[in-house]
Structures are given as C-alpha cells and as structure tokens.
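Mind having a look at this structure? Questions to follow.
Read from first to last, the chains carry the letters A, B and C; within each, the first residue is number 1.
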Amino acid sequence: MPDDIFDISDLDLPETGNEPLLVDVDGYEGPLDLLLTLSRNQKVDLRKISILALAEQYLAFVDAAKQLRIELAADYLVMAAWLAFLKSRLLLPVDADDDGPSGEELAAHLAFQLERLEAMRRSAARLMARDQLGRDFFVRGQGEAEERRRMVTYTASLLDLLQAYARIKTREDFEPLHLQRSAIYTMEQALERLRGLIGHAVDWNDLEVFLPEGWLVDPGKRRSALASTFAATLELVKLGQVQIRQAEIFAPILLRRVDAA
Amino acid sequence: MQPEPLPDSLFDAPPLAEQERMVEAILFAVPEPMNEAAISNRLPMGCDAKAALEVLRGRYQGRGVQLVKVGEAWAFRTAPDLGFLLSRETVETRKLSRAAIETLAIIAYHQPVTRAEIEEIRGVSVSRGTVDQLIELDWVKLGRRKMTPGRPVTLVVTPHFLDHFGLESARDLPGIKELREAGLLDNRPMPGSLDEPVEEGDDEDQDEMFDWKEG
Amino acid sequence: MQPEPLPDSLFDAPPLAEQERMVEAILFAVPEPMNEAAISNRLPMGCDAKAALEVLRGRYQGRGVQLVKVGEAWAFRTAPDLGFLLSRETVETRKLSRAAIETLAIIAYHQPVTRAEIEEIRGVSVSRGTVDQLIELDWVKLGRRKMTPGRPVTLVVTPHFLDHFGLESARDLPGIKELREAGLLDNRPMPGSLDEPVEEGDDEDQDEMFDWKEG
C-alpha cells in the first residue's frame, strides 16, 4: 500500500453488495478497516448503516478467504466470531433472562467505532493538509546564535585562605637548611648595592629603603640584610661619600649622598 | 536585601515601544518558540512581556513574517501563503506511513491516550516503530501515567508538534470541537464490558491534561 | 521551457506591498545574506527587488531588528543597541587555584606587599595572570608604591575581600599559632627539627610584619 494515502476515498475499494468480493486482506489495516471499507459500500451515512448487512458482508468475506485457503490473521477471525454473535443477537428474539447487552447496543457500538475511525482518518488528512513548518512556513534561517558568555567566577572560603597560608608556613618549616644557607647578606653585596643606589639619594632616605628585594619578609634574612646594609653605609661614610644621621635612639637611620648637601 | 530605597530610575521600565523592540530582537534571534516567562527574563526589570507581545503581534499582522503563538510560546515564522517562494528552504522529511499519520492524529485528538486506546480506535495493534518514529520527530512524547489498573503510560503531542502544524494549542486542531460535540472523542466502552467506572475518570483526566499543559 | 504563450496575468508583478512581504519572508528564511540578484530570482517575474528592499529597509528603521546591507547582500540583524539582550551569561563558580589562593593569603597576611616579596615567600614566581585574577575578583588592588629603589607597586586586599571572607580587618586573620591550634597547620615536625622555637619566631615575624606594614 502506498504510504502517502491518507484519504480513504483514494483507496481501491471492493465493489458493493452481492458482487464477488475481492479477497485481498493486504489492502486493509485490520478488521475494523475492512469493516469500514465494506460499510462505505453501503453508500449511506455511517449512522444509518445496516450493521446486520455489514456483518453478513464481513462473514462472506471471511468465508471466501477460507475457500481460497487464504490464511487470515487471528484478529480477522476474532472479529468474524464476534460478528456472528452480533448477528445472532440481532436476529433471535430477546431472551428475557439474558442480562447481557442487546444486539442493538452492540451494533450501536460497532457503528460508533466505525464512525470514530473514519473521523480520525478525516482528521489525519486535515492535519496533514495544514501548513507545515519547513514546507509552508519557515523559521529564521540565520539564527543569530545567541552569544553565550560564560562568566567564570572564582571563589574561596576563609578556610581555604587559612590553609593556604598554613601550607606556605609549613613549607618554610620544612626547608630550614635552604633558608639558612641563603639567609646571609654579605657586606660586600650590601656595599655593591649601596654604591649603585646612593647616587639617587639626593635627600635623606631611611636606611630601610635600601634593603634589597627578596630580603624583606623573612625575619632572619631581613636582619642580615639590615646589618650588612648598615655596615656598608658606615663604610661609605668613612669614605666620605655618605652622610648618616639618627634623631634619637631607635629612630630611623637616615642617609644621603654627600655632594647633595 | 537592600534596605535603602533605590533610585526610581533603576526600576523604571523602558517605554512599551522600546519593550516591543526588545521582544522583537529576542524572538528574531532564536529559532525555537520562547515562552513569556523566558522572554520576561531577558527583558529589563519592570517590563510587560505580554503587552509588548500583543503590540508586536499586531504590528506583524499581514506581513511576510508573522509573530505566532505556539502553545505558551511565541515565535516569528514566515507567512504560510509565501511558502512557494521558499521551496528551496524546504526541509525534507521522511514520508510518514498511513499508520503513523493516523496514530499521530489519534494522539493529538485524544490525548492523553494509551497505546491500548489507540489500538482500540484503529482496530489494529500499534507497532513500536510507529510510535518511535513520532517520538523521534519530537511530535509525540510520553505523558503522565493513567490512573487505571496497570497505570499505563499515555502519549501526548509536543509543543514542537504545535509549532510544526502552526497550531496555537491542541484545542485548535481542525474540527476538534465538532468531533467532541459528536461524541467521537469519547472513550465509549464496549457494552457489557466492565470499563464503565474508569471511563469517567479518563475524561476528567483528559481535561486536566489540557489544563496542565496550558497552565 | 514552455512554448505556449502564457496569459498576461502571469507576468503581472504583484503590487509593491506584496513584493515587500515576499522579500521580507525570503530574507527571514534564507540561511545566508542574499544579494539583490538572488532575491530577484526568487521573486515572481516583473518584481522590483531594489524598490521592495528600500521600502522594507525603511519599515524596519528604528525597529528591534533591522534590514542591513552586508557587502552586496541583505540580511536582517538585531539592532546593535539591543545586542545585550541576546547574550546569555552563565556564571560558573570555580575554586581558586592553589597558586592564586596562596598568593592571596600572602597578600592578606603581609600587605602591602610587592610581587618580589610574594615570590620570596612562596619560593616560586608569581604569574601575572594570578595577580590579575585576584584583582579582577576585586579581592586585591594596587597599593601605594614602596619607597624603595625601583619604587615597586604593592598589593593590598580590598574591602570586598574582607567582606567575602567575613573579616573586619586584615588584622583579624589568625596568626600561625592560632592556625596550628585550630589544626590547620600540619603538625608533623621534621625529624630532628626543633619545632617550638621556629614557631615562636614565626609569630614574632607576624607581629613584626604588621608593624612594618604600618610604619
């Protein structure tokens, strides 16, 4: 069966009534579809259909298939059995003791099922006939890919901070030898550094200003650098290149180059 | 959070015309329909997305591009009558089998619907491939389980289904009102079967689904 | 292709307003900017793409979306002043790297501190990126230059830093002794090392540093 058929009027239907049925179940999607096809042959409103006639047509179809030794799927046979039952209900006088559904009720339900299936088929056809996205109407072709700015922000807790500092300090604990070896700033180093810098000391400068980078934080290194720099200063004073003064005990030691006076 | 009153200007929403421009820019940029809440989120504080959307929809009325509502979401789409100009843009879709199309229609009109109900309506079993195909197309998805014995899963149509068929909601399906009035969307039990009490529940469930979907 | 003469009506171009709609739909749907000739090709015969484009450009003047000319081609683009609406910021929070947190800790404990001093304390060089990152986070800022030769800049922590870490002032940072008491310092002594005296020294160091800092 072609895939693109959804209007059942397009289907090749077997002809009506007493004409020989074209027994070909491949064309049907199950017994209900077959019944619907047969019922359309009555060419009346589905609501006015003769369910009895329909049941007889269906049973004739199944009989024909059996004679031709065509194997019918089980659901066709189940439907045949049910329709035979329906037929007997419709034809036999109502048994007063029977509290089951009447033949009319069962027939009405079958009519409802057929009508509902046809309604769904019509609806499916109407749905597919609608304007469709990508066929009749379109989305913007040049999606302006929205700029996704991924802002990354970093965070840390006070604990992280403290642990980090503790880690650094611990590291120092573990490297005593290294620290000691490099913890001495020699007077020669200080003198060389001071000679290079004193030319800039036009005005009074705190001795601490002349301490070398890298010797300011570690207390041992700082002490060593301070002592050597002070000694170097005295050496330069002796050479008459530097003036030195201190206002009082423990006050900052100030120095400047001599020719600046 | 901030006890001091902030200067008014911080909360002054831009004028509606400006809000309309903003909504226009946002919806032009994104291919997928965007719901009002998402649009609101993009707008500066104090904006009225709903009002801006309505003005904007009016502005595009009759244009070559239109502002359409898809479920709760909004999107720009070309006017359907101009599709012939855009045939080269056509997205090739696999042809659906008759079974798939019917199954889709049944799901759309009867949702939420169980597989057993689809089979009852079509009178044949539904092959797994058919439902898979519809799910793959993002036209159908699993809905809530039904509160009937066995708690079967239900199938419902997706917002993408609505978008594809240009429907504002499942209520706008062609002819759905007439079908409902004719009782053809009822889940009528076979006389004599023991389903009756469940039926009531099903109908309620269905209404609820629609409300939930649109809520 | 078609030898028979076609009725005239087929060659009647649609009114300009309709051509404008068509151009609008085409430029909306095509995946790339399109030049006038290509647009003309899509339009029914007899259309004036140039005129339609001009009318369309005028229509979108001042809107949230604008018709712009990109080289020889035309395209719809978000109005430049609304670009901010289209960028979605996703904020991802990550933990600060070890180098960064250590540098931060040193700045906090030793401020104002030069880069050289930080390197001396950490024993490794401090990358520019690390300091930049801390400055970007507004946890660290440049302090006054040090009155030492070369006048190196110093780094200090910001009020935002104090705020983030819940400190009244940098002086509230616990000393080494407190860190150890709080179990934050690894307490394993090096075999044979004299743990206690070193610690005393460290604490002194800290006090000294603070004095120095304020001197």
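Quick note on the criterion: contacts are C-beta pairs under 8 Å (C-beta built on N, C-alpha and C of every residue); 3 or more make two chains touch, one makes a residue touch a chain.
Note that this is a predicted model, so its numbers are computed, not measured.
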item	value
Chain whose average C-alpha position is farthest from subunit B's own	C
Central chain (distance from its CA mean to the mean of all protein CA atoms)	A
Approximate Å spacing (C-alpha centroids) for the pair subunit A, subunit C	23
Between subunit A and subunit B, centroid-to-centroid distance (C-alpha), Å	21
Distance between the centres, which are taken as Cα means, of subunit C and subunit B, whole angstrom	38
Multi-chain contact sites of subunit B, meaning residues that touch two or more partners	28-29, 76, 78-79, 86, 89
Residue numbers of subunit A (touch at least two other chains)	138-141, 144, 146
Contact set on subunit A toward subunit C in their complex	138-142, 144, 146-176, 197, 200, 205-206, 209-211, 213-219
Interfacial residue positions of subunit C with respect to subunit A in the complex	25, 28-33, 75-78, 83, 86-96, 98, 100-102, 104-106, 108-110, 113-114, 116-117, 119-123, 133, 137, 147-150, 152, 165-167, 173-174, 176, 179-180, 182, 184-186, 189-190, 193, 195, 198, 201-202, 204-205, 208-209
Complex contacts: residues of subunit C adjacent to subunit B	20-26, 28-31, 42-43, 62-65, 76, 78-79, 82, 85-86
Complex contact set, residues of subunit A against subunit B	1, 3-6, 29-33, 35, 75, 100-102, 105-106, 108-109, 112-113, 115-117, 119-124, 126-128, 130-141, 143-144, 146
